[in-house]
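Following are the structures in question.
Each of the next two complexes has chain A plus one more chain, namely chain B in the first and chain C in the second.
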Partner chain A sequence: MWLWFSKLGSPRWFYELSSKWLPWLYALMFVMLGVGLVWALLFVPADYQQGQTIRIMYVHVPVASISLACFPLMAIAGTITLVWKMKLADMVAKSVAPIGAWFTGLALASGAIWGDQIWGTWWAWDARLTSLLIQFFLFVGVIALRSAIESPDAAAKACAVLAIVGAINVPIIKYSVEWWNTLHQPASSISFDAVAPNPPEIWVPLVIMILAVYVFFAISLILRTRNEILQRERRAQWVMDLVARDQQK
Partner chain B sequence: MKPHRRKKLGIILFIAAGLGTAIGLSLYALSNNIDLFFTPTQVAAGEVTPGQRIRVGGMVKEGSVSHSQEELEVSFIATDYNNDVHILYAGILPDLFREGQGIVAEGAMRVDGIFQASRVLAKHDENYMSVEVKAALDAAGQVPGMPQGAN
Partner chain C sequence: MPTLQFSSVSEFLTMGGSYTFHIWSVYLLFAIFISYNLMQPKLVRRQFIREQKRRALRDAELSLQQSKQSERPTS
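On to the complex of A and B.
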């Protein structure tokens, strides 16, 4: 277990292994995104209250759920950086920040489009919306903090601390709709009964879309992390060999 | 795990737990300010001063909506099934506005106890289904998951 853990921390090992994963992930993403999008946009029945607007859910829920996963991931990577000083963990933490900011921004934007149609407003100072906006600013803050500190080690530590502290916001976002009166509705509970609220015909394509966007997220994170590895290890022998091999082709 | 690492991890967990508790307690203390709207029960309990700009949320009471013949003015009652608030509003209502629907009205309480709204937003619940499923459920006489507006 500890051997595996320290091996995973080796950037070279990750780089080589992820080269093997990527083609599979691309294939998985295209299949799932294709099936999910066609199903959600063309075959899901219109909602009895919201009509066609329900299709926004198939984009909004996946991006929002991933934006909520990004911060804990950054916090875990930050903890590993602080405690075990694993190089790869900080590379992941650095790579996930802009992706998280984008997903949070997309969740806010798709929610605003949906709210404009259904609520009658694109924004309200509702606990869910406000806490998600705070998460967006936290991501921007982490990115800014990283570029503001010149020493990479000091920047890694500072960002790790901010990520751990900022992760406290995630349960607040998650449970805001239950703790307080909000305009945003609470989370739906799914039903296996075809004649019931939230039947499988509604949630099966949603699950496919969530998984598809998760795979997209994984690909983006792996690509960014690989970039980061090459940049930081550019003086390492294995990276030089890699570049030399590429130039010969 | 090496002792110095265990110590470091302990410090991080301790700080995170401490901050979490502090933030949790302050949010709990600020609860009333974080709520987006007052419920009709809170209004009935006198938590609202007339003239103060607030939001009131509740369900539109069945049979309470009456539209003015000449103007855009609409009058309805918002309820949380315990207490009612009479709301007046002149303006365009969201498409989802109808009897039995959760709404949030922004405005101020008049001295006569009527809520003058300057904006009405529609809440929607967390239950999604097709028109056919809804019709089948209605035919079976079930009303699953009462729409949640105010609690």
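On to the complex of A and C.
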């Protein structure tokens, strides 16, 4: 277990392992995205209240729910950086911040477009929307903090602390729809025993889209982390060999 | 079995007539989001390899010059 842990912490080991994973992840993502998108756009029945705009859900829900996973991931990576000083953890923490900002931004944008139709307004200072907007600013803040501190070690520590403190916002976002009376509806995707259970025609494509976007998240995180590894290990012999072997001119 | 919800291509493209813009703009943003986050790291990587190759070339030239200089008799 500890051997595995320290091996995983080696950037080179991660780089080589992820080279083997990436083609499979790409294949999985394209298949699932293809199936999910075709199903969501062509086969999901129109909702009796929302009509065709139910199709927005198949982008909004996966993106929004995974945006909530980004911050805890950054906080965990930050904790590992602070406690064990593992280099790879800080590379992951640095890579996940812009991805988290993208996910949160798209969740807000797609939510606003959807809200314009179902609520009649693009924006409301509702608990769910406001706390998600705060998460967006926290991601931007983490990125800005890292670029503002010159020493990489000091930047890693500062960002780790901000990630851990900022993670308090995640349960607030998650439970905001239950704690406060919000315009945003509570999650209602998969309920088998409720009064009005959602039929599988609605939730099966949603599950496929969530998994597809998760795989996409993994790929984009791996790609950015690999670049970070190359950049930081550029003076190591294995990276120089890799550059020399590369056919690109 | 899921059934096809649109009877014609134009009905699909206009999403049944109402809220065409809303639905397609969300899917357009999604497409931009996916393609940007897959392309950007590839461009960064390409840039990195180009820079490192240039650096390796420069270092090689520099060490060649130095070895030539040291070969020359000094006195």
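Basically, the second predicted complex is superposed on the first by the 238 of 249 C-alpha atoms of A that agree within 3 Å, B and C clash if a C-alpha of one lies under 4 Å from a C-alpha of the other, contacts with A are read in each partner's own complex, and residues count from 1 in each chain.
Just so we're on the same page, a contact is a pair of C-beta atoms (placed from the backbone, for glycine too) under 8 Å apart; a residue touches a chain by one contact, two chains touch by 3 or more.
Given the structure is predicted, the values throughout are model-derived calculations rather than measurements.
Once the two complexes are overlaid on the shared chain, A:W180 sits against chain B while remaining clear of chain C.
Legend: residue contacts after superposition of the two complexes on their common chain; A:S220 is shown touching chain C, with no touch to chain B. Touch criterion met: A:A46 reaches chain B and chain C at once. By the document's definition of touching, of the two partners only chain B reaches A:P199; chain C does not. Contacts of A:I168 after superposition on the shared chain: chain B is touched, whereas chain C is not. In the superposition on chain A, A:D126 makes contact with chain B only, not with chain C.
In the superposition on chain A, contact of A:W102 is made with chain C only, not with chain B.
Of the two partner chains, chain C is the only one that A:V243 touches; chain B does not reach it.
Note: residues 45-46, 117, 201 of chain A belong to the chain B contact set and to the chain C contact set alike, using the contact criterion stated above. Contact residues of chain B toward chain A in the complex are 5, 8-9, 12, 15-16, 19-20, 23, 27, 31, 34-37, 39, 57, 93-96, 104, 119-134, 136-137, 140, 144-145, 148, 150-151.
Those residues of chain C whose C-beta lies close enough to touch chain A in the complex are 2-6, 12, 15-16, 18-19, 22-23, 25-27, 29-30, 33-34, 36-38, 41-42, 44-46, 48-50, 52-53, 56. Contact residues of chain A toward chain B in the complex are 45-50, 54, 57, 79, 82-84, 117-121, 124-127, 164-165, 167-168, 172, 179-183, 185-189, 194-199, 201-202. Looking at the complex, you find that chain A touches chain C at residues 33, 37, 39, 41-46, 51-53, 55-56, 59-60, 63, 99, 102, 106, 109-110, 113-114, 116-117, 201, 216, 219-220, 223-224, 226-227, 230-231, 234, 239-240, 243-244, 246, 248-249.
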